[in-house]
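Look at the two complexes coming up: subunit A is in both, with subunit B in one and subunit C in the other.
Moving on to the complex of A and B:
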């Protein structure tokens, strides 16, 4: 057994996994407030990346202006999507709401294709590809940046959910009717969660845009993000972080050895296996909240 | 009538409620809650008590119900078109049936969640301290998960949470449901104290007429969506019909009702 190879796979897997967590945090925010797995989160991520490029690449503004500006715009895009598309579906069967988010995803893909075309564009973050060694381990710099952003957002949201507005959002996710009864604006709370998820989508879009280029395939991150979110428990930010690290390691180590045997392409297989096993064996995920049995 | 109206914080004038545009759940309910008073709305399961409260708090909206006739006045103003949140800001708070606390929040966070957005940190802390004084049991458990509190503690939390909204009219939907008699006595005693000390008017919905009539001044009896009796608590307690159906002998029936009701609720939730 080659221990350095195994350690390298593990550490890189954990770091890559945190970039999946980044995506999953967006899913968790919306799920927490409205119990909807947002199938449009991939589309939002892709849109976030394109909006950044619209300022940086097309207008030539520096990224430190383009990224915050895109975050502000996407905040309002999130608010708008909730207001226009989701609010009227309140109280409808969850499958209708799911179909709506799927529709939004397809719509966003089509729109970006029409405006910006389908050729991949570089994000131009300028993270170097020079080898980066920690001891004997070769690590990927851009994935380290992604991991740091994920951890920063994790800390920010942990603090947010202890604030007054954050407590109100958690109250909404517990019980709409009881929230209304004490004057909490459920609609505004759900809108806010969409807005925040759309801001997270900008961060995700920038990191993954740098990793794989900006085009419509960014929206396919949904698959891995959803796997992480489900494994973590769908409504747990801590879960998204831990599950991201776990999935990253399992995927990297698993495919690192499997690929040698089957000759490549086993990554998606490992991810799919994790998703299926989670749903079968532990539907609440690692940290998902259980509904408390009422006495 | 007019003198009564000026003294009323709440008055309902023959209101009707439709669910899903077809089902007439209440058919002409009129009632008054005097400013600073304590009134009970009694009736058996399905009589229309909860629907009446939801019409007042505006929570009907989320159940596809609406007031199709009559008017509801709070403080003399017609509130038919006021959205539920704004009614809370006006001072109407509805403690909904089944002590629906925010289960994954601590009792302390439950109180924070209900504080009006504009309330200052200082004021929130004062209000929480006052609520913990009314409910010392909550203070002991303020950092545990609310879903694991006992039924009595959850009901206390639901009432405390409502007090956080600074209500002038507190409406409670069957707070005694499923609680042991000593707990009902404790909670009703606290309600009386809140009413006296804070001047909060109270509209108490109950199937447990015996306990309710001990603390209110007036009571309304509702059956099949209509008010069939209205009198002082003393007179109602002395009334032979009330005695037969709600106070004496009916223990077995009441118990059965409650069991049946709880089973039904479990199916629905």
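Moving on to the complex of A and C:
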């Protein structure tokens, strides 16, 4: 057994996994406040990346202006989506809510590609591609940046959930009705969570746009992000981080050895298997709340 | 007005259980069936095989999913994977030398078996988690198709379907292929129409409304969920096989990708959950919409004198497709079937609406 190879797979997996956590945090924010599984997060991520590019690439502004500006725009996009589309569906069967988010996803992807075109473009973040060695291990710089951003966002949200507004969101996620009755504006809270998830989508889009180029494949992160979110528990931000690291390691190590057997391309298979196993064995995930259903 | 209820008297139990108590519904059904049979003489061959045939087949597929999602209330985002199972096993069986009639049965049954594997997930979880699991299973199936040359002929390859034949007769003419699609769609429709008034249909509805409550009433929700998955998968498998045999003429993994699953679900939702006529409308709208939007958009661009790149034109139908789903869910969540129902209810009492108020 090659220990250095295994260690390299593990460490790189953990770092890549933290970049999946970025995506999952967006899913968790929305699910936590409104129990809506946001399958449009992939579309939002793609849109976020393209909006950043629209400022930096087409208008030629520096990235440190373009990214915050895109975040502000996406904040309002998120608010708008919740206000226009999702609010009407409150209390409808889950199949309709799922279909709504799928429809939004298709719409966002179609619109983005219709406006900006589908050819892959570089994000141009300026992270060097030089190899980065820690001892004998070869690491990827951009993935480390992604992991740092994920941890920074995680800390920021942990602090946010201790603030006044954050406590409101937590109350909403605990109990809709009870928060309503003590005068919390549930609608505004849910809207805020959509807005924050869209801002997270910008961060995800920038990092993954740098890793794999800005094109349609950004929305394919959905399966991995969803797996991380489900594995960690759909309503737990800590879970998103821990599960991200876990999934990253399992995916990288698993496919590292499986690829040699089946001849490549087993990443998605490993991820799907983790997702199915999680739902079968522990549907509420590692840290999620286990809801008991009433008749 | 059109749906006259006068003179409808039930003198026996069987007439009370009629599928269509109101004569107008019956006449309309016969009329549209006659229209469907006469279609090869009424419509040009090109339109027949590029619009009518896929419409009927996708309607059959949507009806199968509607059985599962609309009646039994189980989410399914891997429907295309189940169709793929049926299509591939049928084509392989035919290439092996089995006649089409049995090959279709084999396809349907193998779909049933694989589809029941999806049901194993449904027995453990439901709602959102079931949707996520079936989505993951769809990805697994895509992967298997793309990575096992024995099934698909390898990645980016396709499997040629042999000439379709029934009862020893090769079917190659436009009209012949169309009649196969029509026959299958009518069969599925009759099955679903009748299923609604059987014990099975009622049990499925009970499971949909609340599976625990159904269990308390003595409906074995475990059993009926498996039945629902197996039946709908059978319909999916045979539909997939006929689709390959009469429309695509070759099977390739992209025909059954996750987007197709979402498309069939969109047909069901746009048509209306648990609505048979809605599935017809939904399939028609989802299939025709890209062409219509493209035409409209090109006309609009010409009118305003704007030039759009080919890429923009290529992605506009996608955006419109997403917008269509969103708008439908916002305006009429129960879909086109509900709109039809509203119009029918209005005409039912039309000159005398005051009776309703």
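What we mean here is this: the second predicted complex is superposed on the first by the 291 of 295 C-alpha atoms of A that agree within 3 Å, B and C clash if a C-alpha of one lies under 4 Å from a C-alpha of the other, contacts with A are read in each partner's own complex, and residues count from 1 in each chain.
Just so we're on the same page, contacts are C-beta pairs under 8 Å (C-beta built on N, C-alpha and C of every residue); 3 or more make two chains touch, one makes a residue touch a chain.
Since we're looking at a predicted model, the values are computed, not measured.
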Q.
For A:257 in the superposed arrangement: first (subunit B), second (subunit C), both or neither?
A. neither
Q: Scan A:92 for contacts with subunit B and subunit C and give back first, second, both or neither.
A: second
Q: Pick one for A:178: touches subunit B only (first), subunit C only (second), both, or neither.
A: first
Q: Compare subunit B and subunit C by how many residues of subunit A each one touches, and report the one with more.
A: C
Q: Considering only the touch criterion stated at the top, classify A:265 as touching first (subunit B), second (subunit C), both, or neither.
A: second
Q: Could you say whether A:230 touches subunit B, subunit C, both of them, or neither, answering first, second, both or neither?
A: second
Q: Name the contact category of A:167: first (subunit B only), second (subunit C only), both, or neither.
A: first
Q) Can A:76 be said to touch subunit B (first), subunit C (second), both, or neither? A) neither
**Q.** Shared subunit A surface residues [contacts with subunit B and with subunit C]
**A.** 295
Q) subunit A touches which residues of subunit C in the complex? A) 69, 73, 75, 121, 124-125, 127-129, 131-133, 135-137, 139-140, 143, 146-147, 210, 212-213, 216, 262, 265-266, 269, 273, 309, 311-312, 315-326, 329-330, 333
Q: Spell out the part of subunit A that touches subunit C in their complex, as residue ranges.
A: 37, 84-85, 88-89, 92-96, 98-100, 102-111, 113-115, 117-118, 223, 226-227, 230, 262-263, 265-266, 268-269, 271-273, 275-276, 279-280, 283, 293, 295
Q | subunit A - residues contacting subunit B, complex | A | 91, 164, 167-168, 170-171, 173-185, 289, 292, 294-295
Q.
Which residues of subunit B touch subunit A once you look at their complex with the stated criterion?
A. 57, 59, 62, 64, 84-85, 88-89, 93-96, 100-105, 109-110, 112-117, 145, 147-148, 150-151, 161-162, 164-165, 266, 269
